[in-house]
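Next come the structures, one after another.
Two complexes, one shared chain (chain A), two partners (chain B, chain C).
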Partner chain A sequence: MSDTVTINIDGQNYEVAAGANLVDAAKWHAGNDIPVFCYHPKMDPVGMCRMCLVELGTPGRDRATGELLRNDDGSLQIRYFPKLQTACTTTVSDGMHIKTNTQQVIDARNDVLEFLLSSHPLDCPICDKGGECPLQNLTMRHGPQASRMYFEDKQLLEKHYPLGDLIFLDRERCIQCARCVRFQDEVVGDDVLAFHERGRRLQIITHSDPGFDTYFSGNTTDICPVGALTTADFRFGARPWELNEVPSISPWDAAGENISLSMRLDRDFGGKAMIKRVMPRQNEWVNEIWITDKARFGHHFTRAEDRLQQPQMRTGGTLRNSNWEAAIAAMAATLQGADGDVAAIAGSGMSNEDLWALRQLLEGVGAGRLGAWPPTHDAAPHLEQVGVGAGTNLSELGRGDAILVIACDLEEEVPIWRLRLKQAQDRGAYLVVANARDTRLEDFAVQGARNDKVVEGDAIRYAPGEAVSVMRDLQKAHPQIAERLSRAENLVIVAGAEGLSLAGSEALAAAAANFLIESGHTGSANNGLLSPLPGANGLGLHYLGFTPQTTLNIMQEPPRVLIVAQAELLDDDPAAQQWLSQVETIIYAGLFDDGISQRADFILPLQSFAERDGSFVNGERRVQRFYTAQGPMGQALPAWKLFGGISQNAGIANLKPSAAAVMLELSGSVAAFQGASYRALSRTERQFPDVGGRDLYYGGTAYTNHGGIGLQIPTAADRGADVQRRDMADVAELRAGEGELLIMPITRLYNRQRSFRPSLLVEQRILNPYALIHPDDAAAAGTIDGDLIEIVAGESKVRVRASVSSEIAAGGVALPRHLTDAAVPLSASVGTVSRVTDAVAVR
Partner chain B sequence: MAIIGNPKYEQRIERHLAKYETKRSAVMPLLYIAQEEYGWVNSDGIGEVAQILNLDPTQVKSIAGFYTMYSEKPKGKYWLQVCTDLPCALQGADDFHAWLKDELGVDEGGTTDDGLFTVEHVMCLAACDKAPMLQCNFRYVEELDQNKMRQLLAKWRSEANGRG
Partner chain C sequence: MNVIKGFQTTAKHLMEDAVTIQYPEQVQKFHQRYKGRHHLRRYENGLEKCIGCSLCAAACPADAIWVEAAENTDEERYSPGERFAKTYEINMLRCIFCGYCEDACPTEAIQLGHEHQMSYTDRRDAIYTKDMLIDAPAEGAASTPQQVEPGAYNRSIPDMEDPS
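Take a look at the complex of A and B:
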């Protein structure tokens, strides 16, 4: 079979992709927007709304001979179906003819629309969707002038039905297209929405516990073709036509979700441009048209009251408000007088431009220690070698391909990857999840029986701390699984750091790289290594020379002067107080004060991602830029301007006029960023499906990508370098001794990190502090489920509730980061658990 | 009681599960069992069916909502569905239905105060030759008249009291 077929749309022939449906084909090839409500290009067609009716004909054949029938003039005889057909459920075939503009078709659309409106409230003037509503748009084109429906017969239903904490359902507006139901089922894999009753009483319901609370719930409001689903964050906040869309990148995780910030000059923000909502921006290689709820609802920190807004300087032992000029001059003097004993620790929220300016400054004062924060994942050197090949698109993984996810919980760490990998499994890819505890993705790997979908998957449960040897010895210990992974056409391995020390995370990535190299899965698209590095720019840190190993070195041998940039050391590291006390001068630049102002000599307010431009490198090595959107908070500066300013003052280099200029210099200096000018980063191309155009009814309100699809840094393997296996005979793994347990910090998406706390809407979904412990270990510690326990590991001492469950293997305790005020260990470490017996209650 | 772990239903559930290629297909017969146990399709029953079939409760609820023979409201112990379609009506089923409601003191679809009887009218049950007729908990009771019905009600009452 050929890859294309020829079809005729309204009298014109088009060559279209075989296997496509008529709606997609007509839109992509002929620019013919067949109206739809229920059909969505990211989901299976169901033909429910009947809006896409067309006249459909196929070449006739003689029944006896099977010969194609011809008219007198020799042309093929086209036989039309007596009734109109739904375009969304019809797959194109050679010679197919459709008519989309005949009176019969237009009448049918008008009738379907009138039917849909029979009980729709038409409350567009107060509807959040008004202005970008498929139903509104199609009503303008096909709707009746006046309703023939008796007004009294209109149904009066709930207008504000909370479908979850974040989403409201307006039952009057719902036209029952089931897009939200199918999104939850097909895309997310959490079928907590369904129809109830039938006919005119049909309603969307949830009867699950917990209900509609996935990390992706906001996407249903984008694909809802009417105003039935709205977010609690944005509803009644602004009208779509008042909003100015600014392309940006989600600041939360390694996925680098492309987002669009909907801006409006707002009274609530002193008349400055303010983020009213966050919408997805299409990037089929990165996040398709989906974003996580954290990206959508987590923008409030950019305007938080407790953000740093004024430069401060310690004079005479007291921290006092200062101004930039004085602070910069003082810092320049301090740095120059430090005899090169200067080091920097930069957080993974810093942009590439910031990091470059910081590095230039340090090099200028003769210092070279550049640390990355948090020092938990050390997979980056291997990602540089054998990361997923250039051009990788996780949505191309399917039958014949394989995915191994080890030592991480993608649902919590990089939800978009979890979403896309689960869909790869749905398409037939073989999914293996290995961890010391249950994770959401593991449920998909093993619960093929759920909903009786036939899926391929396996789970490996290993003892806490054993990830590296499991990966290294996969052939020996799990020969069948290893065999299937090796033989796969394409193989992606996702290696995390859960239950591992920093060195362990490096070793795991090395073992995974070995496997990929051995089985020949490197250097091509859809093959290679991924790692859920924390923050939006974990890989940018690596490419600019900031490493977690250096951070450990800085912690062991603190410098005289330490620059801390956008890293909340005291929140993350229980030992920070101690080692910071050995630093003479601390220069802290950031968004929030985590208590470091007690010690720091300079406190410098930085701008958030929303206030300035810059670029991040996502986990797939894609350099992506974000644009200035929101008005600035106080006197905050972008970090590149601050560090560039100090450099200029110290006579090291001139301050660049813009982030673009910094990037230009950077792209000329660091090989990985070669060619990554802002102009190159803002290049776009046409993507399938064509969302965000005039016909919002097709793909929903995800925005067209006008900000750039980014530029992927090639791996060593991509460039044809000879990547070598590393001998891994000796692997030092963490082992708990008698009476000890392996304390494994884990990441929860919703937590009490300073930047997430201001998003109050999500607050009630943040779990209370807990630790997951195996029943045997709990018994040994004399504790039961719900007890208050104290976990001690190194400098860390936290009190949390015990959650006793065999979801975790014996020997380990999963302790979520950032749920308590006290810092949990940075990485996995050996510790003890005991029941708290003193009567002092700890919240 | 419950369905899961109830010896009364164990074999029946097994039999239904064995009938279908995919587990979820057994959702409808299992919902009947839930309805039988609880008298209506309540949240507990939905949860148990979902657990047995490894489905999300929302999906089970959706099925129960679509089909009218699953009742999502509490019903009396004896659910009396009187056929009042045309052939039955010609045999006096309409009057019979009205009389029965009077006799029990309930409105259409209502349940007696003692929680024993629910009366509602239904479409054709395909027993036109035996009209007036009704089905009691999906079992046919045919060729009814007021006398016979009084006896039956008395019998059911004593049955219920005897056990209760």
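Take a look at the complex of A and C:
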């Protein structure tokens, strides 16, 4: 069997990939746009809308002999079906002939459109989809010029039906293509939408509580071929043709979702360009054409009024507004006078350029302690060695491949990975999820079958804190699972840090790396290690020398001068107050004041990702750049300019004129970034499926990638280095003693993190503080579901409501970060749980 | 000969009325279709006809119109549809009075009137805001925003007749 077949489209022969359907093949190879409404290239065809009807013929064969029939002139005899066929449900076969422009086809399209429009409201002037609407475009191209129907006969239905807090449904506009229902079912796996009633009464409903309960709901508005689904965020915000698109990268997680910021001037933002909406930008290696709701609806912090806007300096004991010139000069003097006792803690929202400028500054003043924030995950050294191979595309994983996800909750930490891994399992990959508690991905792993397809997977439940030994002893404890994993053609292991200390997360990554090395799954595409490092640039921190161990070291031995760069120490860990008090001078640069202004001597406003150029390294080591979109808030500067300015003032290095120039120097100095100039990062190539062009009907309103697909840093294994397994004989694991429990901080996607708080739309979805505890442990602590409990771990003391459930294994308490203002420990630690009996507090 | 011919023409017109008028004492008569300053119209019940669709701005060849839309609620209703113009501005220095906005308007909200005496001493004064452009409500009708019965207006775009 060859991989290609020859088909004839409108009299022209094309060689197309075998197994494709006619819509895809005609579009990709012949540039022939067969119109569709219900078909979407990322989903199975259903042939519901009948818009893709074509004349279809195949070479005739003699019934007796099976010989191909020929005409008198020797050409093959093509037998056409008597009726039109749907192109989306037809798989190409050799010698197939289709005609897409005959009168019969034209009439059929005309009729389908006339039928769809028979009850479609004429809302186009105010419809958010108007201008980028497949129904509008296809009607212009293929539709009837006038309607034969009575206008009065149109159905009048509800125009403003909320499907959850984020998405509104206009029931009149819906053409019942089921793209949204199928997307939730097939692609996401959160089966929360459905059709209700029949015929002309058919309508979309949500049957979850809260409504439309999924982290991917915004994508349904992109693939909706009409304006039936609109987002609460962008509703009536602007007309699509008025928007300027700026390529960017989601600042939230390690996936590095490619997004497009739709910008427009706005009176409410002082007449400056402002983000009106966030749309997906196609990058088939990273996020395909999907983005999470957090990326889509979480942009409001970029123009929050309480952002820092003015440099401040402490003079005479009080913090006073200052100007950049004075502040930079004062900081240069402070740093030079510190005798090299300077350290820096950088957050994972800093771009590579910022980190490079900060590192140059610190090296210039003779200091070397570079800390990464938050100090929770330490898998980066192993990702550098045996991370997923260059060219990895999670959507290539399928039958014969295997995936192990251990000690993380991808649904909450990196939702796009969870979506893509779930789809890999749909395609036949074997998915194993190991954790001390239930996670969303585990539901899929053990599901057995979905959408009439058998899916394979297993779940491993271990006692809290045991992740490392489970990974290390996988062969012994779970021989069958280990066997299937090691024999898989391709193997990807995702190792997190849930229930682990910082050292534990490093050990888990080492154990996972050992497994990969032993089974030979390193150094090639679609094989290797992943880790859900927090923030957008967790790996950039590593490659530029900022490590979480150094942060712990800084916390233990505070320096004289500490630079805190876009790291919200007090927001993440209120207990940091204690060691911060030992620092003589704190220089804080960031977006928000998280209370550090009480102590800091310099408060410096930084620009967010939307206001400047820069680049992030995502969890798959892809260096991706983002572009300037929004005007700066107040006097905020990009961090590279601030630290470069101090360097220049201190006579260390000249300030670079642009982020591009910083990157050019960086790519020449740090081996990992070799060749990563802005020009190289902005390279694009044609991707399947074609989305975002004038053919919105096909892939939806996701944008074509004009900003660059990024450049992947090769791992040591990719470069052919001999990666060695590490001896893991004795691993110090956290063990809870008698009467103690393991306190495991966990991540929730929607939380009250400082930079997420201004996105008020999502506020409804943020849970109240809670702690998940096993019934046995709850009984031991004398508490029941809903009780107020006090969790004490070292310095931190948290009071939350107990959620008693066997979703978590006995011996541990899962405590979500950033839901409560109290000091949740940074990493897992041993502690105690007791019921609060103080009547006032309970009330 | 030619000179005589020329004077004959002059003599013929000597007897006719003057074409020139004494502006501003005398005011020229405008044709019905004369395109002067824009008006934003209201329905008889006082609600605004403009639904903030921005099609006028899209049609404008001089990029003179700026619209920002927002959503109506029954507590604060500006137009009978779902959407209204929160900001509506026309830069009269840019406007070429072509009337394309009027043609593009799906609700006949914007119409070019007969006022032509516009002068400014500051460029900013040439930007006519919504307050300056919109007609006063008809006698007895309330201005906007109005508080209305919930569900009284349930169409995205009102029917072209007066919905009251």
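The rule we apply is simple: the second predicted complex is superposed on the first by the 832 of 843 C-alpha atoms of A that agree within 3 Å, B and C clash if a C-alpha of one lies under 4 Å from a C-alpha of the other, contacts with A are read in each partner's own complex, and residues count from 1 in each chain.
One rule holds in what follows: a contact is a pair of C-beta atoms (placed from the backbone, for glycine too) under 8 Å apart; a residue touches a chain by one contact, two chains touch by 3 or more.
Small disclaimer: the values here were computed from a predicted structure and weren't measured.
Asker: Of the partners chain B and chain C, which touch A:81 in the superposed model: first, second, both, neither?
Answerer: So A:81 meets neither chain B nor chain C here.
Asker: In the overlaid three-chain picture, which partner chain does A:196 touch, first (chain B) or second (chain C), both, or neither?
Answerer: Only chain B; A:196 stays clear of chain C.
Asker: Using the touch definition from the top, say if A:235 reaches chain B (first), chain C (second), both or neither.
Answerer: Second partner only, chain C.
Asker: Going by the contact rule set out at the top, does A:121 touch chain B (first), chain C (second), both, or neither?
Answerer: After superposing on A, A:121 lies in contact with chain C but is clear of chain B.
Asker: Looking at A:159 after the superposition, I want to know if it touches chain B, chain C, both of them or none. Which is it: first, second, both, neither?
Answerer: It touches chain C, and chain B stays clear.
Asker: After lining up the shared chain so the two structures overlap, which partner does A:266 touch, if you call chain B first and chain C second: first, second, both or neither?
Answerer: In the superposition, A:266 contacts chain C only.
Asker: If you stack the two complexes on chain A, which partner ends up touching A:207: first (chain B), second (chain C), both, or neither?
Answerer: In the superposition, A:207 touches chain B alone.
Asker: So in the complex, the part of chain A that touches chain B is made up of which residues?
Answerer: Touching chain B: residues 190-198, 205-209, 447, 449-452 of chain A.
Asker: Under the touch definition given earlier, write down the residues of chain B that touch chain A in their complex.
Answerer: 22-24, 43, 46, 54-62, 65-66
Asker: Which part of chain C faces chain A closely enough to touch in the complex?
Answerer: Where chain C meets chain A, its residues are 51-55, 57-58, 68-71, 81-83, 86-87, 106-107, 154-157.
Asker: Where on chain A does chain C make contact in their complex?
Answerer: Of all residues in chain A, those touching chain C are 121-123, 125-127, 130, 156, 159-160, 170, 235-239, 241-242, 266-268.
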